[in-house]
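Some structures are shown below for you to check.
One chain, chain A, appears in both complexes that follow, with chain B as partner in the first and chain C in the second.
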Partner chain A sequence: MEKLEKSILKNIYFIVMLLFLILSLYRGSFEIVPFVYGTLSVILIAYGYFVIKKYYPRVDKYLYIISVFIVEFGLVMLYRLDFQRALKQLIWFAIGIMLFIFILILFPDIKRLQKYSMFFAIFNLVLLTMPLLLGREIKGSKNWIQVGSLSFQPSELAKIFMIFYLSDVIRKIKDYKDVLKYSIPIVLSIAIFVLEKDLGSALMFFGMFMAMLYVGTSRLRYILSGLVLFVLGGFFSYVVFDHVKRRINIWLNPWKDKYGAGYQICQSLIAIASGGLFGTGLAGGHPEVIPEVHTDFIFSAIAEEFGLLGAIALLILYLLLIYRMLRTALYAKEDYSRLVAVGIASMFAFQVFVIVGGVTKMIPLTGITLPFVSYGGSSMIINFLAIGILQKISEVGNEDA
Partner chain B sequence: MHDEKLIKNIKALIIFFTLIFLTIIGYLIYFNLYLSENIVKDPSNPRIRLSEEDVIRGSIMDRNGKTIAFSKKVKNNQVRIYNDGEVFAHVVGYNSPVYGKTGIELLYNDALQGNTFYYNILGSIFRKFVQTIEGEKRGSDVILTLDYELQKKAYRLLKDNKGALVVLNPKTGEILALVSKPSFDPEKVDKNFKVYKNDEMGNPFLNRAIQGYYPPGSTFKIVTLSAALENFNGIENKSFLCTGKLKIGDYILKDFNSEAHGRINLKKAFSKSCNFTFGSLGIELGYNNLLKEAEKFMFNKEINLEDLKLGKCQFNIEDKENKALLAQAAIGQHGVATNPLHMALVAATIANDGIMMKPYLVKEIKDEYGVVLYEKEPEILKRVIDKEIAKKVKEYMKDVVDKGTGVRAKLYNVDIAGKTGTAQLPNTDKTHAWFVGFAPLKDPKIAFAIIVEEGGTGGKKAAEIAKEIVKECLK
Partner chain C sequence: MILRFVVIALIYLVIFRIIKIMYMDLKGVRVKKLKEFALEVKGAPKDANLGSLYLIHKVMTIGRNPDNDIVIKDPYVSGNHARFYVKNDKLFVEDLNSTNGTFVNGKRISKVEKLQEGDIIEIGRVSFKVLE
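Here is the complex of A and B:
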């Protein structure tokens, strides 16, 4: 096992260094900075792996390996797009890994959190309402709060709290009345997201809730009722909220207003189409012309320069990561941890689906980050927090093994 | 709680997520296969312009390597410079960031930008390698079949007249000169686009040589003559009595100035461009024979060329039984329309013993190191008429210049074959002057067609221009 892990890691190092070497050379002369940057990122990965292997040999190291490989995808792309942001992202990456190690060291067994579920629900709502009161609108969504020069997206942390809350209450559900009672916090959260114009998070929360509800209760009826309510709610929002209507109309025909409202999505589609099967090659395309390319549209940039094959590879990495997460759920010791793992896996799955589907015009575009890849501190830290929690679960789960 | 069910549900969730991801992958594949091609071409794609700025655009040169258009950097910006811009405007086209591209600039954009599909494997690898080291990319050069000096001379000969002129090599189809007047300055398109566009009288953007739509007038008698020679045995020995006015029912087909040519044979009738004789020949041939012959010469047919977008040329009478219309069609007046390049092809076909070569403008594409990426081979477009017939038509056309209507084109040291045309315009007295032909008679080097709009009779202005062209080519 350890041999396989090491050989995979070596290959990842090799690929990453190769990509940064391209970034060093593509301007015609050798630049040392990308090479140093790449080396630093590889050292971070190696350090994280070293700590896990040494002190926590029982945890599922593939969760870590796949995650950091996905992070490297993002670092390479960000470096190529915007050096300043790439530098910050590397710092966030380092903080993420530290946090991840701290969780392994300091966090109690996950099941001890079960009794605080009400606290999680309340804190989740507090976090989500904060931007409505204090926040300011960034990129058309009012889901940020700013402290000094740091802006922070509370919805990122809120989703972890929501998972902890749901993992506890879902097991108590006996009938429809219980569903209604326990889903109040999540329905409120989704409503707040719609008000904040953060439809991507609303979609993700809903998907996550449905997945957990199904796994926890085995009742397809609940899911079907949920879907019906979702469709009704969606229709209602379409009629009432202009910003929802606008999104849907852009999705239906972005080319009609390709220099105006449809500009982002059209540029994203053009970028993906320009990539073709093999892509233009790293630094060979022009993804920098896509608006918001470093956050919401980073997948389009990857599809342009790494091509269809690169995009599929990234999606398969995500699928492997989600598989590994659900596998952790399978091997967990008790149901609470199991549901937490399911929640985190669903969160990742729906988040990837919503944003990749959005930038490819498969579904309406709603701004949301691509986990581990998009630029942004809140997102990076919360994702590593999530991986840390899963590692913790896998550590307990593998105790006998 | 029921542990087993939970495990089962998680497994179902794994399958569900796998399906979701496969759906995304499937959609991406579908997108790449079916949607991406059109999306990339959308004008809102900034990559088209950006990639062009990265690469120094290749040059366009004449057959001898003389530069017609080239690009250079002026303070980080690329500037396209056209030598004698107005002379070559309709062939080379313009390259404007605002108004797009036309002509060779459009059709050979890929080659000029260097992202070409013309591959010379070794050369391309070498080029990529050197470009990577040098850090500067340069597109490939397009070498035209045009002759710089001839083109310039032709442009000057048309003076301020509206009109067009085409010279080509009848044996290969290489276009040696292609001029249309009035012209525009490709360097000033950005500034003057609206002026050019709104000039409805001159219409400088119109390439009259290929997109013009003119009645061929008497130059069409070449076709009628070939039809008569093919269909009637012994027609050459027959004589006609021209009264200057051919009565067909209520209609009278007149000769030029109603001149009566008296008793003449076919050769003299051609030489004098006798409408009486050719009108009656048309009636005698009948609609179907004449149509068949016209279609052999590519009337009513689409001529698809790589380098040019040729306008349509038609032979079509609304009433096939109407003899008056048929007689007019036989002399190139009614229901017949063409463009100068096509008429040059007709002359070239005769010159090349009945074989029509495919005309082309681009001879070669070379990369910046002179490696040839593409080289055009002459192609036969069509075998039109028998060699024997072509030979006879040649003799007839020589007679036109020697002692017929085209005598003004005569040169003492070269035998020129030709045919004049005076195309009448509806509702005015004005006529377009045509002259088509080739030279030298024995071993034709050039075939040409000249039209001068409102230039009077073909035997004057057009024939004089033809003479100068032959002089320039064969000096």
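Here is the complex of A and C:
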């Protein structure tokens, strides 16, 4: 088993080095910088794996292996698009891995967090209202806090807090009244998201809530009534809020205004189409014409340069990662950890669905990050935090397997 | 650029290998077994259980009360004396505030102590040796 793991890791290192080799050769002459960059990222991965293997032989290592493989997709693509951002992203990746190791070492057993669910709910709402008061609007969404030169997206951290809150209260649900009582923080945060024009996060919170509610109570009635409320709420916000209406209209027909409001999605579709089955090859396409290509539209850039097959490979990796998270939930010892694991798995699943669906025009586009791949510090750190928590759960769950 | 096909092929190779391992995991193949430890009785006041082995499975408690995993009827042993447990492939012993203490290689331990093969543990008038 361990041998296989190591050889898979070696294959991953080989692919990463090959990709960076292509990047150092594509301008005609050999450049050393991409090579150094690739080596640094490989060393980071190897260091993280070494620490896990040495001190925590019982944890699920595939969570780590698959996530770092996905991260490498993002690093390669970012390097090819924008060197400055790629450099920052490598630093965030390093911080993410450090945080991941710290969680393994210092974090207490997840069960102990159970008592603080009210605290999580309140803190979650505080975090979400902060940008309304002191945030500023970046790219049409008012969901950023800026401290000095660092900007931070509180909704990323709020997701984790929400999961901790929900995992505790969902076990206590007995009838409809409980559902209504405990979903107050959720409804409030979704309302805040709509006000902040952050529709992607609103959709994700709703999806997470439904998934956890279903797993925790296994009653279809709650989910159906939730969906009815969702449809009503969606219709209401379409009528009342201008920005929601605009998003939906762009989605229905982006080509009508292809140089204005629909520009992003049109460019994204053109890029995906020009990739074809095998892609244009790394550094062979022109993904730089897509606006916001390093964050929201990075999936289009990958689809263009790695082709349909590469994009599907990335989705398969996400699928495997989520399967692995649900497996952690199956092996968890008690309901609280199990629900936390399910919550984190559904968080990743909905996030990937919302953004990949958005850039391929399957659902209306809403700007959220593609986990592990998109450029952005808060997203990278929170994703590694989530993986660390899952590792912690799997450590306890695997103990007498 | 032939390399782009190579890269995609390699990515699928890795995915295939990961899936293969997960499939083995689903079938329940466990290549790596849990490490097991045992305690051998080295010295006892009545020579009664001398040389007998106790396998440690996850957690094992020791004391005079009958609800312990190993029961020692010895007035020098407290009701709930100590606890052995395995975590991350390592054996630990924890003293449960016993009156006469738990000794590892002649030294009284304060709370939790990591054990290695060959360590001698004294509880009351009974001594154990750690085996792997």
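Some observations on this one:
Just so we're on the same page, the second predicted complex is superposed on the first by the 401 of 401 C-alpha atoms of A that agree within 3 Å, B and C clash if a C-alpha of one lies under 4 Å from a C-alpha of the other, contacts with A are read in each partner's own complex, and residues count from 1 in each chain.
In this section, a contact is a pair of C-beta atoms (placed from the backbone, for glycine too) under 8 Å apart; a residue touches a chain by one contact, two chains touch by 3 or more.
Every value quoted in this text rests on a predicted model; they were computed, and no experiment measured them.
Touch criterion met: A:342 reaches chain B, while chain C stays clear of it. Once the two complexes are overlaid on the shared chain, A:28 sits against chain B while remaining clear of chain C.
In the overlay built on the shared chain, the residue A:62 is in contact with chain C alone; chain B does not reach it. Of the two partner chains placed around the shared chain by superposition, neither chain B nor chain C is touched by A:243.
When the shared chain is aligned, no partner comes close enough to touch A:112: not chain B, not chain C.
In the superposition on chain A, A:323 makes contact with both chain B and chain C. Of the two partner chains, neither chain B nor chain C is touched by A:181. When the two complexes are overlaid on their common chain A, residue A:310 makes contact with chain C while staying clear of chain B. Of the residues of chain A, those at positions 316, 323 touch chain B in one of the two structures and chain C in the other.
Within the complex formed with chain B, the chain A residues making contact are 27-29, 171, 211, 214-216, 218, 255, 258-259, 263, 266-267, 269-270, 272-274, 276-277, 285-286, 289, 303, 308, 311-312, 315-316, 318-319, 322-323, 326, 329-330, 335, 338, 342, 345-346, 349, 352-353, 356-357, 360, 362. Across the complex, chain A is touched by residues 1, 3-8, 10-15, 17-19, 21-22, 30-32, 34, 58, 87-89 of chain C.
Note for the complex: chain B touches chain A at residues 1-3, 5-11, 13-14, 16-18, 20-21, 24-25, 27-29, 31-32, 35-37, 39-40, 42, 44-47, 50-51, 132-135. The part of chain A that touches chain C in the complex is made up of residues 1-2, 4-5, 7-8, 11-12, 14-15, 18-19, 22, 55-58, 62, 65-66, 69, 278-282, 284, 306-307, 309-310, 313, 316-317, 320, 323-324, 395, 399-401.
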